[in-house]
Amino acid sequence: MNVFERMESEVRSYSRAWPVVFDRAQGSWLHDEDGRRYLDFFAGAGALNYGHNPPVLKRALMDYLDRDGVAHSLDMFTVARRHFLTALQETVLTPRALDYRVVFPGPGGANAVEAALKLARRVTGRTTVIGFTNSFHGMTLGALAVSGNAAKRAAAGVPLGHTVSMPYDGYVDAGNPGGFPELLDRMIGDSGSGLDKPAAVIVETVQGEGGVRAATDEWLRALAAVCRRHSVLLIVDDVQMGCGRTGPFFSFEDAGIVPDMVCLSKSIGGYGLPLALTLIRPDLDVWQPGEHNGTFRGVGPAFVTGAAALHAYWSGNDLEKAVRRAGERLALALGELADSHQDAALTVRGRGLAAGLGFRAAEGATAGDIASRVSAEAFRRGLLVETSGADGSVVKLLPPLTVTDAELDQGVDILDASITAALHT
Amino acid sequence: MNVFERMESEVRSYSRAWPVVFDRAQGSWLHDEDGRRYLDFFAGAGALNYGHNPPVLKRALMDYLDRDGVAHSLDMFTVARRHFLTALQETVLTPRALDYRVVFPGPGGANAVEAALKLARRVTGRTTVIGFTNSFHGMTLGALAVSGNAAKRAAAGVPLGHTVSMPYDGYVDAGNPGGFPELLDRMIGDSGSGLDKPAAVIVETVQGEGGVRAATDEWLRALAAVCRRHSVLLIVDDVQMGCGRTGPFFSFEDAGIVPDMVCLSKSIGGYGLPLALTLIRPDLDVWQPGEHNGTFRGVGPAFVTGAAALHAYWSGNDLEKAVRRAGERLALALGELADSHQDAALTVRGRGLAAGLGFRAAEGATAGDIASRVSAEAFRRGLLVETSGADGSVVKLLPPLTVTDAELDQGVDILDASITAALHT
Amino acid sequence: MNVFERMESEVRSYSRAWPVVFDRAQGSWLHDEDGRRYLDFFAGAGALNYGHNPPVLKRALMDYLDRDGVAHSLDMFTVARRHFLTALQETVLTPRALDYRVVFPGPGGANAVEAALKLARRVTGRTTVIGFTNSFHGMTLGALAVSGNAAKRAAAGVPLGHTVSMPYDGYVDAGNPGGFPELLDRMIGDSGSGLDKPAAVIVETVQGEGGVRAATDEWLRALAAVCRRHSVLLIVDDVQMGCGRTGPFFSFEDAGIVPDMVCLSKSIGGYGLPLALTLIRPDLDVWQPGEHNGTFRGVGPAFVTGAAALHAYWSGNDLEKAVRRAGERLALALGELADSHQDAALTVRGRGLAAGLGFRAAEGATAGDIASRVSAEAFRRGLLVETSGADGSVVKLLPPLTVTDAELDQGVDILDASITAALHT
Amino acid sequence: MNVFERMESEVRSYSRAWPVVFDRAQGSWLHDEDGRRYLDFFAGAGALNYGHNPPVLKRALMDYLDRDGVAHSLDMFTVARRHFLTALQETVLTPRALDYRVVFPGPGGANAVEAALKLARRVTGRTTVIGFTNSFHGMTLGALAVSGNAAKRAAAGVPLGHTVSMPYDGYVDAGNPGGFPELLDRMIGDSGSGLDKPAAVIVETVQGEGGVRAATDEWLRALAAVCRRHSVLLIVDDVQMGCGRTGPFFSFEDAGIVPDMVCLSKSIGGYGLPLALTLIRPDLDVWQPGEHNGTFRGVGPAFVTGAAALHAYWSGNDLEKAVRRAGERLALALGELADSHQDAALTVRGRGLAAGLGFRAAEGATAGDIASRVSAEAFRRGLLVETSGADGSVVKLLPPLTVTDAELDQGVDILDASITAALHT
């Protein structure tokens, strides 16, 4: 481990909680160099929805490499790019009657967000974008400005501008889910409100990094209605919650809304390779050629594994059904966990296979301390789960969507033991 | 091609100049789906310094995939990550007596720049960063603010702040290379100048996107001295010019300067896979864990090909020598081209294997029109070269560093014919 | 009138509603050059609380001029300045047990606000300032950024930054006056809220320009408590509502709060001459000499009339009592007006001698149209009242504090007739 | 003096250098409360060009007060306002064939600047404004952003944006006066320069606060030509140098340029009363009514003394001639001073009756220390002169334009003795 400590910046974080060196991986399991294996309920922070190195994707990738397929092409046309676009159209857009154009904004989710914000501002001629409490959209300056985490914001070293943070669903009063879109409606419509008319609203349907907070469908619909009423663009950041994490391919499908733009990344590449998309309503496509560009907008291997994943997992609705079922199983199990650890006052959150266990402060330990201990105990027991939320008080569970029931149960069992250990030591 | 036109945003650009669908690639050559091949003097805009799919890298990558190496790991420790860091230390840093810590800032060059700007501001407590005329550092909001191109800047949709653009070497008067650092020196040192004391200066030693403009070693040294005198951090963006493009691994080596931070991406991954690094002076490593993060900071395949490239190409100085020699050969050939097309008033620019041919407006055609025509004629003749500069007036040549003399000559011959065709039709 | 139309910019506004040329003025009355007189319920937008040209102030001023007192002195010491400061201490600060230092920030209210914002940011090292819906603090760039009016904001020509607008008391739900400070409390205290911790909150206790909206004492106390809890500075902009407009000298006295800074201007000069003060808690006085300056910080005549006004009107509490009594009389009369014009659905607002009559849209006319017509009819009948609010729907009544009962009744009678005329024509 | 120290903020500055309490004033003389008199070569920082309490203005003002003329009127029409506008037209605009519309932007110079910047941005739809090294335009957020002084800028507490500071005439190389407008020309015209096309350039013809630096007529013409070529608006801030300070009424007359906007304040009110104007080209008058407003835009007394001053001093060209003559006399005398104090290495600067004596560091004292000592010695000898420049190294002489030859000589004699005393003690 000396190499890492000597050469890497202090900014690294996951390696502090899990101080082993991982080597190989398969399905729901990571193996360290000493041969120990770990059940992975972290799944690349949502980038590995199909588990590690799924064989069908691996085969497609190795074939592509073997035949010297184009590895890097910026925005040049390639066979792999066409294959990916076609797969996206056939397995995702057409079945859902969605009409979007595709921007390849750069390799990661922050690029997808930056491109969406740029285009929203350019199309509307307005500068303000509304984000939400506890949101997370990325670390580049534009994306960071709509992210809620104070420490990450402060690290920018400049005041973050042209954005306003509004309360997310349930922020102030869980009993009044419609409250906030009404306030936004009023402020946008009022020429004395001091809120400059926004270009766009950017929202996650479930806030993963923010502590696994799920907005209700009603709230999302109310928000979409406010946007429509005032011609404000609605951007759904589906980087972590898309690609089936909550059940359907897009996390907003159950709410029945159609965003003006959608940001995708993480699992869209299938194999954990960098790929990102910004889907935009065709009439918003006012870009001039080259106004937005970037080197890694044509990663052949990611096109190949991404297309293979769409074909393998999204040709029908089997995965969606499986995720919904597994999500229910997980929610049930977590509910039982909460019941059996009444002293811990656990809250169970999330949707589909994005779940959270919220902890409370107790006996001189902050909620974050306790969640951290639970995560550490789980690691000792061979389970990878991270904490989330600005105060780190929520243990976040993102198992691969391909997790088996046995694995799911095993993970919950480890969690159970870890909570006991964390609370009673 | 219908799929692309129907599904992709208008923002795509390279595919307009080269409207074919590429399929496979090897060395200096790209093959389209109709079996035609193209000599590639574009090289992934500098991301393919070792040519397409170099066999030794391909083998390492396929072995890694075959044994189910970890494909995606954020900032967790992995065997592949250690292997890459060790290779960087042994082949690059130690031989050059450079002491840097490594930040993995995200998958692309813009991430490397954003991380550098953040850290520079945070370390110094200042907000202003100095960029240069005709610079290019990326498309995310922070990186864009230090980039010169007006159209790309305008696409941000918000005013770009906390940055000031200063004249690059030779901007005003080629005969006075030391002129500008003197102005910067004066303005930083003068409490009445209206220039808020900057956190950092960010500079490319050769401006690739900006029209292949090379700063002299003297100018770079003067700039470094100004920065040092005022405790302003010097960031070299070596995303395009690093990894041997100008000869030595780092483009600033010949000038004898040691930047406080260095941004690397593009060819650092070796195979065209997304990877980026921000190298920072150890005492600047004031990051708190997790203050800057991102999903694609642990792309196993890129670590593998990146490490393989460092071992294959940078264990000794053969590549550096080869690039210097090829660079001279290319410069000589371009000089002869300029001589034989006196009517075109060509200017020859660049350093090493980053070369540019500047065109002038003539007979109702802008310089950009003429350069565009030359590029189109070259494409017709099987050579890929792009135009660069804000007005597109410079044909830019970035052959793979592994180009053979024969390929180099063939490329120049095609250029020769293309210029003739472009000017006389 | 040709001179004005030919020479003045289109930006002028009051002269459009009242297209006569005023010449002389006394007490509650303005006289135009044709000898017609107007009852002035506008009072210089609150700059003439003691009426026009009050004889005791006029005498002091003429004596000062006659003896060649210093007319202009920047921040040099003068006898007149000392006289003013002493009067402020003796008649205002000491009786109220208030401990403030005085900044002379420049000649107008916007200067007082700009100085307060600067100092708040400098003291706290934070940049964000919270303003409120429908607020008004001035037209210079810093003050405008905390003002609510969209048209005035847009005229800045740049996005207004470093500020966030929050809902004022009663903005969303009149039945829930405590609602908003709770939201602010939560957002400031939550490290994931996306609201950067503010330097200060700036608030008017009654929003004059915003439509004569009065915050309740409870809301003001809750707001002050939130500020105190989080060490956020509380700035009360008392430019229009101070100097007795609502009864007590400072408008916040009834709420029992003590702001960290108070902005005064308008009537503080007594005679309508430019003067402004920023009162600051002594421990916030971290200014270095000359960090904030300005030419018109020592207007001798304004010191003289300002001191004379403090002595004449604030040596005891007679004026405060008179304003409270007159305010009740006015509120009663306006209530009767509302009763007798039930079809107009009038709302009566305000506190003390800052009163508003709110109109509603009706029969194809916007609320602003109707309020405008009422104002125009009043002008025809010899009464000056302006409209306010972002939509101009509120007729605003700011009679001199020295108004007689007879004048008050006369004004209300004219209003009555004007409403009838406006609604039934 | 206790009252001041106890009650006033530490931000006060002039009273530190001149710790006496002034009482009365006449012509070129200020009298303190102990009966001592001081020759005033400070003249209200340029607000008292006609000396203290000029009898003809005093009489007009007392008459106006005596007859209860309107003292305060916002932008309502008044007889006094018309009188002032007519005087401006007849004595200033018509004789110079200048066609401007008048904005009354608020009471002080910063308001005139803020209004000009707003309008320039609004008319052009651009945000960037170019200012210059060592400029000073005011303390409100917009005006401060184009001012050079680092300490004053830092006091804003937020980064100052939407502006770029460029080198003023002679900044880098006194021998190359045309150098900078050429750079600006190049950067504005170059779509790769990184300088967003500016809305306007704001410039002082002589930088008073910045150390009495005078631009040459050639430089001003070159600057005006660059602005015209690129449709960038040229704003001359004539707040301190206008109203005859350099000889002609407008300081830019000798250069033969016609700015698009002109800011006036300080002496435009004649008597030291707050008044400010923004003169704008008629076709730029795109304001909507009320988009910019303010309480103190109709100060009757200032209209009266302002009009009286225009009639008294600008009906012919006597004052202009007198200032030119006195300016030459002063320059000559200062030159002799420089000759006789060769050890002090004095530099003589300025134009007309705006003069500066620049000092150099010597024997352990900074240039600012020495200039400060000279100013202190002068005060002891009964002469008021302030220091200027960001480092305070320039003693600045702004005698009233009505100064007599005897007074001028007396002032220079005191300076002579003060320099001797300051250097040799």
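Read from first to last, the chains carry the letters A, B, C and D; within each, the first residue is number 1.
Keep in mind that, in the parts below, a residue touches a chain if its C-beta (ideal position, glycine included) is under 8 Å from a C-beta of that chain, and two chains touch if they have at least 3 such contacts.
Not measured: the values here are computed from a predicted model.
K.L.:
Applying the document's contact definition, name the chain pair with more C-beta pairs in contact, A-C or B-C.
P.N.:
A-C
K.L.:
Taking CA centroids for every chain, report which one is farthest away from chain C.
P.N.:
So the chain farthest away from chain C turns out to be B.
K.L.:
Could you grab the centroid distance between chain C and chain D? Build each centroid from C-alpha atoms only and quote it in angstrom.
P.N.:
31
K.L.:
When the C-alpha atoms of chain A and chain C are each averaged to a single point, how far apart are the two points in Å?
P.N.:
49
K.L.:
Give, as an integer number of Å, the spacing between the C-alpha centres of chain C and chain B.
P.N.:
Spacing between the chain centres: roughly 57 Å.
K.L.:
Hunt down the residues of chain A that sit against at least two other chains at once, touch-wise.
P.N.:
Only 127, 151, 158-159, 161-162 qualify.
K.L.:
Quick check on the complex: what are the chain B residues that touch chain C?
P.N.:
It is residues 158-159 of chain B that touch chain C.
K.L.:
Would you tell me which residues of chain A are touching chain B in their complex?
P.N.:
Listed in rising order, the residues are 1, 3-4, 7-16, 18-26, 30, 33, 44-48, 52-53, 58, 61-62, 65-79, 81-82, 85-86, 88-89, 101-104, 106-111, 114-115, 117-122, 125, 127, 138-143, 145, 151-152, 155-158, 161-162, 199, 239, 265-266, 271-274, 280, 285-296, 299-301.
K.L.:
Which residues of chain D touch chain B in the complex?
P.N.:
Listed in rising order, the residues are 127-128, 131-135, 146-151, 153, 159-165, 167, 171-172, 182-183, 186-187, 190-197, 210-211, 389-391.
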